[in-house]
Amino acid sequence: MIIEILIAFTLVAALATFFAPDRVSGKLAFALSLVPVVGSLYMWSLFDASGNALLQGSQVAFETNMPWISLGGYEIAWHVGLDGISLPLFVLTTVLTSLAIVSAWTPIDTRASQFYGLMLFMEASLLGVFSALDFFAWFVFWEAVLVPMYFLIGVWGGPRRKYAAIKFFVYTNVASLAMFIGFMALVFALGDSVTSLGLPEIAQATRAGEVGSYFGLGAGAIKTVAFAAMFVGFGVKVPIAPFHTWLPDAHVEAPTPVSVMLAGVLLKMGTYALLRFNFTMLPDVAAQYAIIIAVFAVVSVIYGAFLALAQQDLKRIVAYSSVSSMGYVILGLVAYTLYGVGGATFQMVAHGLISGLMFMTVGVIYNTTHTRMVGDMSGLADRMPVTVGILVAAAFGYMGLPLMAGFAAEFFIFVGSFGSQTLPFAPLFTALAMFGIVVVAGYLLFAMQRTLFGPFRLETDYTVGPAPLHDKLPIAVLLLLVIALGVAPELFWGMILDAVEPVLETGGGA
Amino acid sequence: MSLPSVTATLLQSGGALPEWTALAPTLALALTALALLLVDSISPETKNNALLAGTTAVGSFVSLAFSGWYLAAGTGQSGTGGEIVLYGEALVVDGMYLFFSAIFASVAAMVAIASYDYLAGKEYQGEFYALTMLAATGMTLMASANSLASAFVALELASLPSYALVAFLKKNKGSVEAGLKYFLIGALSSAIFVFGISLVYAVTGSLLFSDVAEALGETELVGVAGVGVLMIAGGFAFKTASVPFHFWAPEAYEGAPAPISGFLSSASKAAGFAVAFRVFVEAFSLSAIPEGINWVILFQILAVVTMTLGNFAAATQDTVKRMLAYSSIGQAGYVLIGLAALAGGASSQNGDVMGAAMAHLFVYGFMNTGAFLFIALTEHWGIGRTFEDFNGLASKAPMACAAMALFMFSLAGLPVGGGFFSKYFLFANAVFAGFWWLAALGAINSALSLFYYSRVVKAMWIEDATSEFEIRSKPVGLYAGIMIAAVGTFLLLPAFGPIIETAQTAASALFGA
Amino acid sequence: MVPAQWYLLLAAAVFCIGVFGVLTRSNALMFLMSVELMLNAANINFVAFSLQWGNVTGQTFGLFTMAIAAAEVAIGIGIILVLYRNFRDTDVTSATTMRW
Amino acid sequence: MAAFDYAPVIVLLPFLSFLVAIGTAIFARGKNVLPKGGALPGIVAMAGALLLSIWMFVTVEAQGAYDQTLYTWASGPGEGTFTLTFGVLVDQLSAMMLVIVTLVSLLVHVFSLGYMNDEDETGLPRYYAGLGLFSASMLGFVVADNLLMAFMFFELVGLCSWLLIGFWFREPGPPSAAKKAFLVTRFGDYFFLIGVVAVFATFGTSQFSPIGGMEAFPVLAEEALTGSAEGINTFGFDAATWFNIVGLLVLGGVVGKSAQFPLHTWLPDAMEGPTPVSALIHAATMVAAGVFLVARMYGFYALIPTTLAIIAFIGGFTALFAATMGVVKREIKQVLAYSTISQYGYMMLALGGGGYVAATFHLMTHAFFKALLFLGAGSVIIAMHHNENMWDMGGLKERMPVTYYTFLSGSLALAGIFPFAGFWSKDEVLYETLVHGLGGSPLLLAAYAMGLLAVFFTGFYTFRMVLLTFHGEPRSETARNPHGVRWNVKGPLVVLGVLAATAGFANLVPVEKLTGANVDFLHDWLYHGPETLNGEHYSTLLHDVAGYTAADFSVLISAAVSLGMALAGVGLAWMLYNDPSPEEHTAKLGAVKDLWYHNYYQDEFQVWLAETGGLGIARGSDKFDQGVVDGVVNGVSSVSLFSGSRVKRVQTGVVSNYAALLTLGVVVLMVALGLYGGWFL
């Protein structure tokens, strides 16, 4: 029941904030957003690993399941619950939203109440995405996320915000439609073996090999088609190269807090869905096309990293590096080993925190310099030492510095994928992907050297001084979280492995 | 959904009420129309807008109440002895009739309430409401027609007032031109329609759906019958504004008074589908009709062409109203899937997909009418017609603009309103019926539609005001109408279950399943 | 008696004439008359096959058609009147303010 | 095991000082809350660490080694999973290294008082925070008991070097040097990380020595090669080949950190950092990390002769290669930088040549005398007001005697002159390589030859440096009356000077050969490590698995040869540069001089590689992304909009056309369906 309470509360909070006066809305939104934070942490403290929500649907934590609608012969239920895969993302969402709201206090000065209301609305939808266990319940939230995001980019964004917003809007919507049709065909091909659109039932049926033929398409064909449709559908969200071009535009135009949410949580929707749908429901297809998927992953990693290397806009750099980092997730998933998939899940959280931290810090700098162009500034370390210090720490975290979350995640993924039985030439793919850690160091170090160090210089005529406390606080908190997760991955690692293990029971190695 | 049988036995089937009361939804509308005519004839010059609009609204609500009550009580549904046939089988009352009556009544109510402001100070208000009610009556009859004769009469009863209503603004060139085009195309279409009927009669010797189906079974004159079926389909295509009978629609919707545009594009379209569903399922049922007459293919072609043309044309419009007009053509294309995704034999998918189409029409009734009522509001304020004219409107009229955003996103199939479920259920059922390619084409169009629907939202909420609006008043009626539509649209998101179940039960009953 | 298909052909012929009129005449009234022609083509069928099948359904429907045709004309004339008032012409092709 | 319970404290103490310093740096910026800008906490911490380390050293001597898992970083349930842990391994090797690191670090802290505080540098808390974090990371690396933990601290060490090299971030030079240092070592670490991952994938563990149920990967590898292996995944290769691959991958990290060819280019640039940092990081400890790592997992490398040969060859080549460049440098720290590279080449040579003890020995002595030389150079630099050009110096001998004599002691050690420390260790390095080379590994002989030749150059550039700096007439105003230095500079110099002179007596192999007196203490010390981690075990492995055999060859001859070479170098330098006002004889070398002076154009080459290889590809893919990938996306939308604008033209506005099109449509449909349904038959 607690999940519904949290989601409902967030929705109400969103509404309340929406109509609150602009002056107080920021503080109000933050105060309200603390409730889900506390709630999710409370759930985290209660959580005792209960296997995988899809594959052991019996005892899912915090589960509620009540009938809702029926579509054709299929029952649609309001079915939510959490397991070791979704709970970390659930927590990530609440925490990141609160911090993003604080980070918005400085940059957001117009129509503030609407802004914070939409932020909370988005949080509610995201919580729904990560907790829903019924396809349509999940799909409602999945699509609902688009709406606030469209406004957040479109209204408060940069000069090309309208283009970016509509591009994000339509591109991801097309993806959802493709995914929807593919999934529906798969469900229908399951025939009488499923009577509801509950993800657990469907997952168990598909894994039990219940997929039949569909109007002339054989079982194998329909599975492949469905897999492809869903892979593309979710791949756009992730984003996997070459479906990534909406991301840099969206990131560059979006205001800082929105970039934080976009990189921190929204991208994870894609990988989360890939894990829940493609790799949980159709592991055999995933294994069959492992090489192709791995190529996608490696290309995302390397290509994204090199793209980041070519950028001048700090936000664009981080945006492309997100493409690169999410490539690791795909690699971990396709490896289909305990450490691969577990590491992928861990990377979702780790990258959520780190990329959020990066965007926030860049935002703090932008608040004072009003430029993000690498060439426009240098020697900022002299003027805003603490912020720069955190940015440096964040950058090294992004490079996978040990004892920070990123290293743990990437190491798990690499160990997992290197020894994969599912993926042919696994060591080769792993080694190729790992070259990303060199390139990432390259572009981040170059950018830092040119902007933060050397003699102070700034093209825009703004007086640069230390950032206000409420700008520094969220990034400091995030940094601490990143370090904490890097020093003690066990905070999530245990429950993740527990939830991932059942996924691997068919096919795949340890 | 169905309430305890206690209520069911109270009604017609149980003999508690005489059978003719089953038509109460239609009768309510008809009586309202007569009452209005009476008022009008007593005081032709009356400007008592409140009285007229009020009467119309009340009549519509009464009709709506009857429909709801009967639906709940199970009148004419399998639960209580199946459909009720009246007047020598000319009319039939069943779940489908009640379902569509509900659509017409609710749309009529919203239009009436909104017209309270829209018509303020205009001539001939009495006629306006009377014609609206008559048209609504015709539509309900279309939904209940059980013979080609009653179908034709009902169709004309719905059409003729519409022509007049579109041309209602006599001094407005646009309105008149719209009326003319609507009328001419309508006349042509109905001629084709009638000729089709005559051919079918020639082949079957009867106009009752059941007999027609029977007779078509053993006819040799496949060619003649085929041409007849095609022409009848044409008649419905005109009502539903489907290609190639859609040409009137953009102009009619753009030129007509905005409430009427909403009325036509929602209710009238739904009526066309109602009668089309019944005729093609019962009279030309796939199980009975000769192989040669494959009207499923016909509707597949129509669906694809209609949705594509509608959406692509809508994507590049400059005026919001005309964009809505084209988009409603595109929406008709989606609904046509309900006929295009049918398969021979009594497969349960048939009922489901048609039911999904009906449910979409229901939701569409709210969101589309609401959208046109918003246009009516802007016309009332004298704001321009193009997208640019809407720039920054949200800062002036946030509530109305929020409602409009809700309509737009719901039309585009985002989960802020019932449009999400209705559209995706339609696609899903198409996939289940094996027509994944129809769903795929629908998806492509839907994505494109998201683009042009969001243009309106962008103009209102994202763009900065280019011109200064002088918004004199917040008209109560228009606001009320828009808000009813908005609330309805939104509530249909969580409460979509009853709708789709009713619709699919009704549709399945049609298939005798 | 005359075989049925002749009636069919006649009706079809009349219908086509009507269509031809619709397509060629730009005067609103001529347009209306052509539509009437098409309607009557249908009536021929009805009456003829009413006889053929030996039931009155067709003839009744013929009456319906005439009534409705009358109503249609009534509305039509009205619209053509306002058309004339606004465009000073009864040419249906003159009203083209809305397109694309 | 009371003593060993304090082993983690050695790591934690400097970390604590780091926290203190960084805390003040953040929360009390400007205000001078910490005395000496955070130096004192650091000094105290390092002193404590030193004492503890010595205690450990003694305890190891008394009770043997200690290996304890302290913290489970990430647990893996069930089979096929790994348990990733942090543990402390204090054995003979790491105990020795602990002492060296803590000692040098302590001295560097003290020296910094003179070099940084007395020079009124700003941002001192940041500086000492960096030193503290560095010491902590290095010590953590030293005591690491598994490869993963070692890698983690290895990376942290890299971070610290980035921080400290770029300490003077307001100038353009240091940040760039820091970036280069991190990038180049990162490139090495890339292979290292693959190696670590490969070790896990292969053995399922990365422990150096077996502990509490966890096996050790060198042991498993040994079993694999000696035939009794189970559950080892060699990815389709035969064990030996695969182990070679893994070994070479890990070696990548070593080559990077220990600045071996071709990844040596970062180290000379790293001299942009403060001199004490150069002494601590780029001479004594961090660069030692690479070599130490190989020594740490020597039980693995001893199994794979191919890799050993490569190591030896890289080492020998680097030794010579770097030495030649050192010959022509003008800045004193540049000379020292190249000498550092060269000296680590010797250690690699020893390791590759099967001289485990020799390598460790040289590691120790080098730590002392190189730290000494850098600190001496630092003292000179203070005196010269941060002018590092030797051609502006001269005649400092009289003006700063303490510095001179300690520096001299260090130089003699570096040049390998009897009886200074460097002589003993370098001699043993060359000897070990020689005998194993003669013992049937000819490749080693080539490496040996290069190493031997390098001795000559070493002697030459060392004394060229000494003579130019301290002898002759002052060649500049500052050199005539230099800035004085205080106790906090001289103290460390003296301590290290003594060590540089005497550290060699830890392992007097030649003497033992002569007199038979058992004086090879280090040898014995290292031979009594834990079962799988001691020199004896290694030598048996080398002999049995790698097939290294030591030929019988007199240590005296080799000693004499190398000493001769060294003296020759020194002598040449004396001839050329020992006059009041020497001229640039190196100019006589002409083109060779340019080649050396420009470091064989290695930097240019690597920069070119990065520019074209890295940025080139980047720009290319950016164009591709903007043009093609995104172009397609935007193309789709514009195409559909265009077709939309065409489609709507059907709506001409003329109602007659509508009627026509309508009729046409009906006819078309009729014909189509008619043909389909066969109506016209």
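Order as written gives the chain letters A, B, C and D; numbering starts at 1 within each chain.
Methods note: a residue touches a chain if its C-beta (ideal position, glycine included) is under 8 Å from a C-beta of that chain, and two chains touch if they have at least 3 such contacts.
The structure presented is a predicted model; accordingly, all values stated were derived computationally and were not measured.
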Practice item. Treat each pair of touching chains as one step and give the shortest count from chain A to chain C. Key: 2
Check your understanding: In terms of Cα-based centroids, which chain occupies the most central position?
Key -> A
Practice item. Name the chain pair with more contacting C-beta pairs, choosing from A-D and B-D. Key: A-D
Exercise for review: Find the geometric centre of each of chain A and chain D from their Cα atoms only, then give the gap between the two centres in Å, rounded to an integer.
Suggested key: 37
Practice item. Please work out the Cα centroid separation of chain B and chain D, and write it as a whole number of Å. Key: 78
Study note, to complete from the structure: Averaging C-alpha coordinates per chain, one finds the centres of chain B and chain C separated by a number of Å equal to 26
Exercise for review: Give, as an integer number of Å, the spacing between the C-alpha centres of chain B and chain A.
Suggested key: 42
Exercise for review: Please list all residues of chain C that touch 2 or more other chains.
Suggested key: 22, 92, 95-99
Check your understanding: Taking each residue of chain B in turn, which ones touch at least two of the other chains?
Key -> 180-181, 184, 188, 192, 250-251, 451
Check your understanding: Can you list the residues of chain A that touch 2 or more other chains?
Key -> 170
**Study point:** Listing of all chain pairs that touch each other, if any do
**Key:** A-B, A-D, B-C, B-D, C-D
Revision key, fill the gap. In the complex, chain B touches chain D at residues 180-181, 184-185, 188-189, 192, 222-223, 226-227, 230-231, 234, 243-245, 247-248, 250-251, 291-294, 297-298, 301, 309, 311-317, 326, 448, 451
Revision key, fill the gap. Contacts from chain A onto chain B in the complex sit at residues 68-73, 136, 139-141, 143-144, 146-147, 150-151, 154-155, 161-162, 165-166, 169-170, 173-174, 177-178, 180-181, 184-185, 188, 214-215
Review point. For chain A, which residues count as touching chain D in their complex?
Key: 167, 170-171, 241-242, 244-246, 303, 306-307, 309-311, 338-339, 379, 381-382, 385-386, 389, 396, 399, 401-403, 407-408, 411-412, 414-415, 418-419, 427, 430-431, 434-435, 437-439, 441-442, 445-446, 448-449, 452-456, 488-490, 493-494, 497-498, 501, 509-510
Check your understanding: chain D touches which residues of chain C in the complex?
Key -> 19, 22-23, 26, 92-93, 95-100
**Study point:** Contacting residues of chain D [partner chain A, same complex]
**Key:** 26, 29, 72-82, 148, 151-153, 155-156, 159, 166, 169-172, 174-176, 178-179, 182-183, 186-187, 190, 193-194, 197-198, 200-201, 233, 235, 610, 614-615, 617-619, 621-622, 625, 629-630, 633, 637
